[in-house]
Amino acid sequence: MPEHLRVAIVGATGYAALEAVRLLEQHPHAEVAMLCSRRDPQPLFSDIFSAMRGRCDLHCEPIDAAAIAKKAEVAMLCLPAGIAMELVPALLAAGVKVIDYSADYRLKSPADYQEWYVREHTDLEHLDEAVYGLPERFRSEIRTARLVANPGCYPTAAVLGAAPFVEAGLVDPQDIIVNAASGISGAGREPKQEHHFPERNENFEAYKVGEHRHMVEIERMLDGCAPKGRTNVLFVPHLVPMERGILTTTYLKPLQPVSVEHAAQTLAQAYADEPFVRLRSGMPCTRDVARTNLCDLTVRVAKGRLIVVSAIDNMVKGAAGQAIQNMNLMCGLDETAGLL
Amino acid sequence: MPEHLRVAIVGATGYAALEAVRLLEQHPHAEVAMLCSRRDPQPLFSDIFSAMRGRCDLHCEPIDAAAIAKKAEVAMLCLPAGIAMELVPALLAAGVKVIDYSADYRLKSPADYQEWYVREHTDLEHLDEAVYGLPERFRSEIRTARLVANPGCYPTAAVLGAAPFVEAGLVDPQDIIVNAASGISGAGREPKQEHHFPERNENFEAYKVGEHRHMVEIERMLDGCAPKGRTNVLFVPHLVPMERGILTTTYLKPLQPVSVEHAAQTLAQAYADEPFVRLRSGMPCTRDVARTNLCDLTVRVAKGRLIVVSAIDNMVKGAAGQAIQNMNLMCGLDETAGLL
Amino acid sequence: MPEHLRVAIVGATGYAALEAVRLLEQHPHAEVAMLCSRRDPQPLFSDIFSAMRGRCDLHCEPIDAAAIAKKAEVAMLCLPAGIAMELVPALLAAGVKVIDYSADYRLKSPADYQEWYVREHTDLEHLDEAVYGLPERFRSEIRTARLVANPGCYPTAAVLGAAPFVEAGLVDPQDIIVNAASGISGAGREPKQEHHFPERNENFEAYKVGEHRHMVEIERMLDGCAPKGRTNVLFVPHLVPMERGILTTTYLKPLQPVSVEHAAQTLAQAYADEPFVRLRSGMPCTRDVARTNLCDLTVRVAKGRLIVVSAIDNMVKGAAGQAIQNMNLMCGLDETAGLL
Amino acid sequence: MPEHLRVAIVGATGYAALEAVRLLEQHPHAEVAMLCSRRDPQPLFSDIFSAMRGRCDLHCEPIDAAAIAKKAEVAMLCLPAGIAMELVPALLAAGVKVIDYSADYRLKSPADYQEWYVREHTDLEHLDEAVYGLPERFRSEIRTARLVANPGCYPTAAVLGAAPFVEAGLVDPQDIIVNAASGISGAGREPKQEHHFPERNENFEAYKVGEHRHMVEIERMLDGCAPKGRTNVLFVPHLVPMERGILTTTYLKPLQPVSVEHAAQTLAQAYADEPFVRLRSGMPCTRDVARTNLCDLTVRVAKGRLIVVSAIDNMVKGAAGQAIQNMNLMCGLDETAGLL
C-alpha cells in the first residue's frame, strides 16, 4: 500500500460523491485521485459543485476499469443500482478494492434483487463474495473484503437500532415497524417537481408506504440477527423539509415485559467500544449528528412496546462516511481516520 | 341570536387566538367582538401580532365573565389547561356559549385528568356536560351543547384516521400505534431554547415518547369507538422544522386479512358527506391542507398492517378552524360558514 | 354584467394561476369559470395542484379566444412574455376584458421591449392602449381599461416605495438603488437545479445584478413620476430560502437634507385612503404581508440617504391579488372585494 | 511553545464558542484545554450543546486569568462587549495571548466606542496595542500581536469586498452603501420572540437600518484604506431564515467609468495568494462557503455603479475560523492549519 491511499470516485456528480470528496479532503491517509462520470462531455467537478472551486478542480473522466486501476487502489461507486454491477467484475479483476454505494450487492438473494429492483442480477459470483458494509456488525469480514456493499441510509439507522433487541431474542421478530424520516438530499440531486423548493418547504409527508426498497434490506439484515432467522418488517419513510438527516423510530414488541433499564443495557452491551455509536439518555435528533459519522441511539418502553430512536446523517453514516469507515477497515487504516 | 354572532377570544396572545381572529375576519356571520388576556397592562392585539395592524386593532381587556356576556354570545377560550375550568362556570351561568381550546373538558374521567394533568379537576359538573368537539363524530351533541371541548391537534388527526377501523371491528383495539409529526407552532408562541430558529431549523426529533398528554385523549376517543370499549394506544410525536401542519401515520393490526379496497371503502362510508374530510388516493401531505379546515386521509395495507395517514393544519382543523366549525353548529349556522 | 363575474384563467399550471384560483374562491362576486392551458393532453387542475382536489376540479381546456368569450367576461393571462401578445387581440375583439400577468404590455416603448425581451413586439396597437395595473397610481385609467398589464412583483414593491419621493422632487432621480429579495415561488413552478430543495435551503444569493428585466420596468414607472421624466435605477435582486414574499430596500439620495418625519409624511400623503398600503413605524417584513394584498412601507433617513423598505407577498400584491384588484376596478366592483 | 497549542475558550455557552471547539477538534497543532463561563453552577459543555456529547465533555470553569494562564497559551474571548475589556489586562499580564471576539478592541477611537457602545472604554492602553484581526489586511501586525480584536461578521465580508476599490482610489469614498443579509445564528443563542422558529421561518426583513454597530466598524476600516482617510458608509442588514451565512452586496460609485474587467483585476491583485479569498466569476452564495473559512467575492459594473458581492460563513470566517487564522499567525503556525 502506498503512503497515501488513492481513491477513485465513480459517478461523481451526485450528493454522495460530493460528500465523499469533502470527507476525503480531511483524511490524513487517503486522497481523491480520480473522478469518473457517465456524462459526455466530462465536466469539471467544480462546475458541477461550485462550492468546490479551488478545493477540488479535477476533471471527470470516463468510467474505465483499467484506467481506474492505474490511478487508484480503491473505487467508490456512486452509481445507480443496475449500473454498478456492470463495472464491479472488471474493477476486481484489475485489483481495485470496491465500495459500492448502490444496492447491487446488498441483498444476498438474487430473487430478492429481482423482485425489488425488477431486473436480473448479472454478477452472482461477486454478489456472493460481497460483504455488507455495516462495521458494527461485520467488521472482521470487511477487513478482508475486496467488495463491500455500502448500506442504504435508512437501513443503517434502522438496523443499528433494532438489531441488538432482535439478536437478544427480547422482541417478536414478526412484529417490527420502522417509521422513518429523511432530509431531501436522500432523494438525490436530480431536480424534481416534488422537491422544488416552494413545494417541499413547509411540507411533511409519508411516501412509498410499505413499498420502499430499503424495507427488504432492513428485513434481510434483521433476519440475520433473529434466532430463527426470519423477521417481518414494515417500513414507512417520510420526507422532512431539511437538507440532511435521518431519524428512525422503531416499534418492537417485547416477548416478555422488559424494563427501560434492561433495554438500555442491551444497547450498551451491543455497542460498547463502538467509535461511531453514541447512546443517549435524551432524545437523538438529526441536528446532533449532522456532518458526523455518528449514530445516536436511545430506547424507551411504553404501552407494551419497546421504541428505539436512531439518528444519523444520511450523507455521512448513511453514505460517504460509512464508505470511508469501510475503506479504512479494508485497507488496514485506523477505522476512524478522517472521521473524527 | 343577533344578525352577526359576536365572539370573545379569551387568551388572545397565542397562536390559536391569532388564527381564530384571522378566520373570523372571513366569516360571513360572525365577528370578533372582544379580546381578553391575562396580561397587565393589557396589550393592543396588533402590538402582539404586527401582521394584524389595521386589520384588528382591538385592545385586550381583562378576563371577566360578566363583561364578556355583555359583548359576546360565544367565548373561545385559548387559555392553558387548568385556567379554563376556573372561568367556564361563570361564563355558562351568564349565558355565554363556550368553546374551550384547552384540555380541561376533553377527558371525561376526572381520574384521567388528575393523572395526566397532575391537578384535580374543579368543575366536575360541566366536565360531565361538555361535548367533545369533533363534529365528524359528535355533530348532533355539538348542535345543542353549551360547552364544547375543542379537540387537541394530534387527537383530531389521529382519531379521524383510526376511528372508522376501530368502530368497524376490523382491527385489534389493543395494538394501535400513532406515529405523528407536527410543525413548531404546535409548541406555542413562548420562545424556548429548543425552538430558537438556529436550533430548530434542519432538525427532526421525537419527543415525549409514550408520555405526551394527547395519548390518553386519543385512547379515550378510540375507546368510545371500540366494540368492547377499550383500546391501547401508543403515541409518539415528532417535531418538523416547519411552521404548521400535522401528519399522523397510524399502524393498525387487522384482525383478519383486509384488502386495501375494503379499507378504503370503510373510510369512504365513514366520511360520506363530510365537508372537511377528504379521502385521497395519493398520499396526504401537510402542504395540501395548510390554512384549510380539511383533514386529508388515505389508507394502505402492507406486511400485515393497515396504515392510515392523516394530515391537518394544526392551527385550523387542529384548533381555530375546528372551533369555528363547532361554533357554527352550536349557533345554528351553516357548518362550513367561513371555512371554505 | 352578470350577477357573478366569470373569470377565465389562461395558463393555469403555474403558481400565479393557483393563487388566482385560491383568491377567487373567496371572492363574493366573481368565480373561476374556465381554466386554459397549453398542455396536451389537457390536465385536470387538481392533478396539477393536489391541494385543490375537491376545491377546484375543473379540466383545463385549449386556449381559444372564442371559447373563452363564451364562458367568461374577464381573462387573466398567466402566460410567458411573448405568448400573451399573440392572444390578446383576439380576446379584446371578442369583448373579453384582459388582465395580462406577463410583461408584454408593461413597457410602453417597443424599443425597451425589444431590448429587454429580445423579440419584436407584435401588438403595438394594444400596447399603446394597455394600462399599467398599479391602482395606487393609475386607478382611474384602470377603471375604464379593456387591457391591463399586471405589474411585475419586484416593480410593485419598488415603485410603491420610491414613487412618492421621486414625484415630490425630494430625491435625485439619477441615483436610485433598489436592493430586493424574493422567495422562490417568484422563480416559477418549473423544477430547476438551483431551486432543488437541498441546494436552495440554507442559501442566500444575489442574481442578475443590474441585468434583471424588472429593472427597466421600475425605471420606466419612476420616469413617469420624475419631474424631468428621467430616472436612473440600479436593481439588484436576491433569493431567500422561503416560499413567498418580496422585500425591497431602496436607497434614495435626498437633494436637500430631509428629516425622517418629513419623509414619513410624504408617504402618508401619497397613500392616504389606500386600502392596501400600510405605513409602518416599525420594520416591514414579508411574514406580516404573507397571503394578503397589502404592501407594508416604512422610511428611514441615515448617512445622507433616504431608505424606503417595502414588503409584499409576491404571489398576491405582486401577482394574483393585484390582478383581482384590477379586475374589481375594471368591472365596477368594490376594489377590495375578495381581498380583505 | 509546546507541541500542542493549548486554547482556553472563555464564554463557552454561545454559538461562536461551539464553532471554535468544533474547528479546534480538527486542528493538527492546537486543542481546547479549558472552557470558562460566567454561569453558576458551571455547566458541562455537552449539556449546553448536546451534539458534543462524547466529543467534548469538559466542564466549564470560572473565568480566572491566573487559572487560564496555567492551562493555556491562548485565550479566545467569546464574551459580550464591555465584559471582555475587564479581563484582557489580567490575561496579557499573565502572558496569555488573547483573541477577543467582542467589539471591545475593534474601534481605535474611544469616542467611537463611547458613542456606539454607550459606555466608556476602560482599557485604553491595550485598545491602542490591539491589532484588528483581518489577516488579509493586517497579517504582519497580527504575527507579532499579543491582543487581536477579531472582526465582526458583517465587517469581515464588507471590508474584504470594498477595501481594494477604496484603496485603489477607484470609487467615491463618501458614497458607500453596504446592503447585507445574515443567517439567524448571528443573533446569538439566547431565545427571543422574533427568532422563535414559527415567527422567523418564511420571513425576511431589514433591521437596525443605518443604526447597526457594525456600521462604524466597517467605516473605520475603510477610512484606513481611503487615500484621504475618510469614508461615509451606510450599512443596512437583513435577516434570512437560515442558520448561517452572510452575504454583503456593496454599492460603490466609480469616480471615473470603470470596466468590469478592470474591477475584477483590482480584486485579483488585492487577493493574489490569499488562501481564504476566492474570486468568483459567477455569483457568490452563502451555501458555497458554509462551514469554511472562505470569503467568496465577485464584482459587477452596472448603471454607473460598481457592485461587490461577498459571502462568508458568519460563524467561521466571520468568527471562530478567523480567530483560528489569527491564532495560527500569532503563534507561528501555518496560517491555514485546521482550516482547509
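By letter and in written order, the chains are A, B, C and D; residue numbering begins at 1 in each of them.
As a convention for this text, a residue touches a chain if its C-beta (ideal position, glycine included) is under 8 Å from a C-beta of that chain, and two chains touch if they have at least 3 such contacts.
Computed from a predicted structure; not experimentally measured.
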Selected pair, greater C-beta contact count between A-C and B-C: A-C
Of all other chains, the one whose Cα centre sits farthest from subunit B: D
Inter-chain centre distance, subunit A versus subunit B - centres from mean C-alpha coordinates, in Å: 40
Subunit A and subunit C, separation of their C-alpha mean positions in angstrom: 47
Mean-CA-position distance for subunit C and subunit B (Å): 37
Multi-chain contact residues (two or more partners), subunit C: 183, 201-202, 241-244, 285, 287, 290
Parts of subunit D lying in touch with subunit B, wherever the complex brings them together: 15, 183-185, 189-193, 195-198, 200-202, 241-244
Subunit B-facing residues of subunit A, complex: 177, 179, 181, 183, 199, 201-207, 209-211, 215, 232-234, 236, 238, 240-245, 247, 249, 251, 283-287, 290, 300-305, 307, 309, 311
Complex contacts: residues of subunit B adjacent to subunit C: 25-26, 50-51, 53-54, 201-202, 278, 280, 282, 285, 287-291, 340
